[in-house]
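Heads up, the next two complexes both have chain A, just with different partners, chain B and then chain C.
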Partner chain A sequence: MKYAYYPGCSLHATAVDYDESTQAVAKALGVELIEVPDWSCCGSTPAHCTDELLAAALPAQNLLAAKAVADQVVVCCSACFSRFKFAQKHIEEKDDLRAQLSETMPIDEIEGMQVRHLIDVLVRDVGLEKIEQAKQCDPQLKVVCYYGCLLTRPPKVTEWDDPEDPQMMDDLLRAAGMETIDWPFKTECCGATFALTRTDIVLRLTAEILQMAREVGADCISVACPLCHANLDMRQDDIRKKFGVECDIPIFYFTQLLGLALGLEKRDLGIGRALVNCDELLTAKGLA
Partner chain B sequence: MTAEQALVNSTETASAQPANGLTDTDAASSARQAPRVGVFICHCGINIAKTVDVERVTAEIAKEPNVVFATNYTYVCSTPGQEMIVETIKSHRLDRLVVASCSPKMHETTFRRAAAKGGLNPFLCEMANIREQCSWVHEDREQATQKAIEIIHTILEKVKGDEALEVSQVSITRRALVIGAGIAGIQTALDIANGGHEVLLLDRYPCIGGNMARLGETFPTLDCASCIFTPKVVEAAQAENITLLTYSEIEEVTGSVGNFEVTIRRKARSVDESKCTGCGLCIEKCPTKVLSEFDRGMTTRKAIYIPFAQAVPNVATIDKESCRYYKTGKCKVCQKFCQADAIVFDQEDEMITEKVGAIIAATGYELLSKDVYGEYGYGQYPDVIDGLQLERMLSAAGPTTGEIRRPSDGEVPKEVVFIQCVGSRDDSKGISYCSKICCMYTAKHARLFKHRVHDGQAYVFYMDIRAGGKRYEEFVKQAITEDDAVYLRGRVSKVYPRGKKLIVRGADTLSGTQIEIAADMVVLACAIVPSPGVEDLARKLRIGYDENKFFAEAHVKLRPVETNTAGVFLAGACQAPKDIPDTVAQAGCAAAKVLSLFAHDHLTSEPVVAWVDEEVCSGCGLCIKACSYDARKMDQRKRVAIVEEVLCQGCGACISACPNSSCELKNFRSDQIVAMVDAVT
Partner chain C sequence: MKYVLDQEKIRPDLVRTIERLSGEDVRQCYQCGKCSAGCPIAADMDLPPNQVMRMLQLGLTDEALDSRTIWLCASCETCTTRCPREVDLAAVMDALRHEALRQGRKSPIRQIPFFNRTFLRLIKKYGRVFEMELIGRFNVGTLHFFKDVTKAPRLFFRGRLKLWPSFKGRKTARPAFQAVKNAQRHEPAEPPAADESAGNPTP
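For the complex of A and B:
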């Protein structure tokens, strides 16, 4: 199984632990990820807020670069994933946009390229059975899966399993021997980029998510998006100060939890880079 | 312009005398004589005249051979217009007519009557549609005028080939079949029966009553549904000329208006209806419990069951899907205890054939499943219920004997949120229509909740309040002013459980704020959708349905209870969402249509039917397969296909199927069609 791998800026910087754990897990499961040569920015929020052409051109440029490696490109960051999927849809549906793009790039060449999220690849291509076989232990962790907004919505763009009650991350972690708790906040908003401009909103929203995770009895939260991770992991101190609630709950990338089940080393999975300390939890569960 | 003036202005054409020099004294022409056609071109006020130059059309058409008279007039369908036709037939010895005006669906009967009054065979009168198919759909006057001329040319070719046809008379079976025994079907059946005719009242469920039997109280008067409905149910059950056919389904319908033949599957109850006393002992002893459909899953019933206490008929039915005996071959407890010896395990479905003259579809509605709403928990939260589930709670005969108790723990809810338009007016769920009754029943629910739980609080999320109806708006006002319901204009984005509460998160668009309510119970006003299986029934009845699968009426304003198949009528929510007052009114209307049909001694049958040239027919039988009306049969002695003229609807399917052109449709013969096509090419 060979895929082009688009890390995006986060996985090379603030979410380097997501990149490390992705590479480690992929290697352990025989998924060959080849980084897209000379990849560039996906456009992120600034591009699609300001210029439709730019918002399509940047992912298109990266898809062209990825095509040199494979017909399928794996994207881990939810925001990059969303931007790639949106660009593909817009290019497919809008003739004038396609015409504009074709002035600067051979746009027809990216037709048929598949943009895949790593969860999708692990569940559908690798298969839950293989993951069950590959796991080295049953981590006795109670996990809530937090999908955030961009993986599942809008459903016609991301084509995830279910926009209101997604299951794929749950299925994956259950196959890896963890207990996933059904909870109502799988797709709540974490506040996203308001972290910088309206921190008060992010504090309120993340406080609710963290509290609900505690209420339903979770040991930790599994995420698939660098920004969700940042908002949930970095704000816990401020929440304690502002609302006076104890939330102290470790946040993991799903790849890190999967890696633990596969018996990989914590340092290879980037565990320990987050702000909320997870040593106590992992020790208690015999995963230290 | 008067009719007289029109006559003066009209053009006597050069071909007034027959070209062959014969004199034609007889108005009904023989084939040897050249036809004498009169053409009447209608202005339809400005409907036609604005886009089509009727004067030019008249002048052009007058030049045609065989046209001995052509004129135009403001409204040919008016009384003077019709008189003009009658007069002209006589004065110009016309033997054929063309009226160029609207669609034949509008006025063919009018002009054929005028033709008959003038002494012509009505089937020698044709209409050229220059309104719907020309002036209404075009803007360019020059081109529209040219097209109108061409349309009239084609119809001239047709009328020249037309033959005088005679209508025949068919007897009527004065007996009706009503499909579906809810309030719509029962009301229709009662009205027809009270008119003195026999009615078969069929329902696929083990008892009659439909959705109305489930209801607690009804708007806008808050009288109990049972109190007003059971008298009707009992009347239907006791009426001498109503036969109940419960647990039965339509297998096949053949024939046509006045003389349908319906094959009905009487599903095996595994209980002898004539012996069962409804004592209920079998039910008590049956070991298998399943969710009750009648109580919408809020209680259980046994595998042998009577849906509810007042069910008519009060006869048990074994649900074979869940019965232990049918599944494992062991049990028969019910049979052991039955003192009436009514249990018959080897009972089989019975097919019966009934002749009826009219059929009324009254198959009602279902609620869109709440399982499709991810945002409201996919039906997984027990305290998120739908409107009909609340009705069962509100019913004195329901699972809580009329008390409102939440399904999860039986506690009395204090804060209840009602969400309207769940599915309705929501294109993302594929339903763009308004379900019409939810505004009213939600207001009723909010009021009844307050009447039962005095310290309770009802919240209603709505899009718009549509309370058009007698005393409806007042009723909603009372929900707010007397029963303190809080109405919030906005949508609910999410319902999720937190502890014992359901958190309802929505928007109040009037105050522009986000709202979160910690509710004890949530009631969804799910969209009204047609009952399952309507497509199949529509196919059997040969009637249409719309994009939402509601049965299609013949005309949305003027023929709301008729269908496009003569003799098949509609009543109730199978046609569109409707409340009880509207349903009862429509049921009465459908019954009136049936009664007026049954008031005739005979029906006249349309003579435009298929015809077989027996010398050419090879007896291949393809026409028999092509016919949807059972009108084509094989004459085994002559080995040729024949036409049962009474059954033939003149659709033409057999004509296209015939490989050697041995059948033709009268007055739509191939030579006529070819001449019509040639006229424009």
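For the complex of A and C:
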């Protein structure tokens, strides 16, 4: 199984642990990921809030670069994933947009390219059975899966299983021997894009998510997006200070949890790079 | 809040523009309010999302284009996903932002378009985001010099903060920015979308 791999800006910076754990898990499961040569930023929220053409053009350029490697491109960041899927849809549906793009790039060549989120590839291409066979232990962790906004919504664009009660990440972690807890905040918004501009909004939304996770008895939260991770992991101190509530809970990328079940080294999974300490939890569960 | 339906304020032409940009028909909305009920940011907005739709239905485009709502919308897609009339409200929000920028309107929450401009300028320069410079420029531009600085060393010692930018994506990004430049040349009468002279972003 060979795929082009688009890490995106975050995975080469603050979310380097997501990149490390993705590569380690893919290798262990026989998924070949080849980095898109000279990939650029997808434009993220600032592009689509500013200019529709730019928001389509940046993903399109990266799809063209990915095509040199494979016709399926794997994206891990939910925000990048969403931008790629939206760009494809807009380019397909809007003739004037396509005409404008064709002035500077061979836009027709991206036709037939498939954008896949890593969770989708692991569940549908690798398969849950193979993951069950490959696991080395049953990590005794009670996990809540946090999908956030852009992985699942809108379903017409993301082609995800269910926008209100998604299951794919839960299925994956259950196959890897973890207990996933049903909870009502799977797809709540963390305010991602306002991390810098309106931190107050992020603190309010994030506090609710963290508290709910603790209330349902989770040991940790599993995420699939570097922006969700940043807000949930980096803001716990600020929330405690501002609202005076207990909200500490370790945040993992789903790839890190999967890696633990596959018996991979913590160092190779980037575990320990998050601000919230998880040593105590992993020691208590015999995973240290 | 009281809104006055004044002949002079009603702009059906601008409503058509928003409809063309978003691909949505504002009359589809039947004002059930489901969008506002699920919107995570509604509490911070001046117009809840369903009222933005109502303003457009009434032709009161100024109310929508100058609202805080369009800048506070986090593009979380909840409204679009849940609308029983299949109105793509997140696309309407995008269209309103684009039109407000094109007309050179001042955002009531200036730090948000300022952040967007700064972000896009860095991508144009480097091809990828360089977080240190982004945060630095944002803090200086908004006069919040020390916002979140205590986080930097903690990230650095965990290997998560890069001190130098990467230029690797520049070549890939260039045709994308060129496409935007070409499109703006075709519409010379209009100010560029990412106008750098849009003023001091201090909130």
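Here are a few things to note about the model shown:
What we mean here is this: the second predicted complex is superposed on the first by the 288 of 288 C-alpha atoms of A that agree within 3 Å, B and C clash if a C-alpha of one lies under 4 Å from a C-alpha of the other, contacts with A are read in each partner's own complex, and residues count from 1 in each chain.
One rule holds in what follows: a contact is a pair of C-beta atoms (placed from the backbone, for glycine too) under 8 Å apart; a residue touches a chain by one contact, two chains touch by 3 or more.
Everything numeric here is computed off the predicted structure, so don't read it as measured data.
Of the two partner chains placed by superposition, A:114 touches none, neither chain B nor chain C.
Contacts of A:197 after superposition: chain C is touched, whereas chain B is not reached.
Applying the stated contact rule after C-alpha superposition, one finds that A:53 touches chain C and leaves chain B untouched.
In the superposed model, A:273 makes contact with chain C only, not with chain B.
Once chain A of one complex is fitted onto chain A of the other, the partner contacts of A:163 extend to both chain B and chain C. Touch counts on chain A: comparing chain C and chain B, the chain ahead is C. Applying the stated contact rule after C-alpha superposition, one finds that A:72 touches neither chain B nor chain C.
In the superposed model, A:153 makes contact with chain C only, not with chain B. Of the residues of chain A, those at positions 163 touch chain B in one of the two structures and chain C in the other. Residue ranges on chain C touching chain A, taken from their complex, read 21, 23, 40-41, 44, 72, 74-78, 80-81, 88, 90, 94, 97-98, 101, 109, 111-113, 115-117, 119-120, 123, 127-129, 131, 135, 138, 147-148, 151, 154-155, 158-162, 166, 168-173, 175-180, 182-183, 193-194.
Residues 9-10, 12-17, 38-41, 43-54, 57-58, 60-62, 65, 93-94, 100-101, 103-105, 149-150, 153-155, 163, 188-189, 191-194, 196-199, 201, 205, 234, 272-275 of chain A touch chain C in their complex.
Against chain A, in their complex, chain B makes its touches with residues 374-375, 378, 494, 496-499. Per the touch definition, chain A reaches chain B in the complex via residues 162-165, 184-185, 212, 215.
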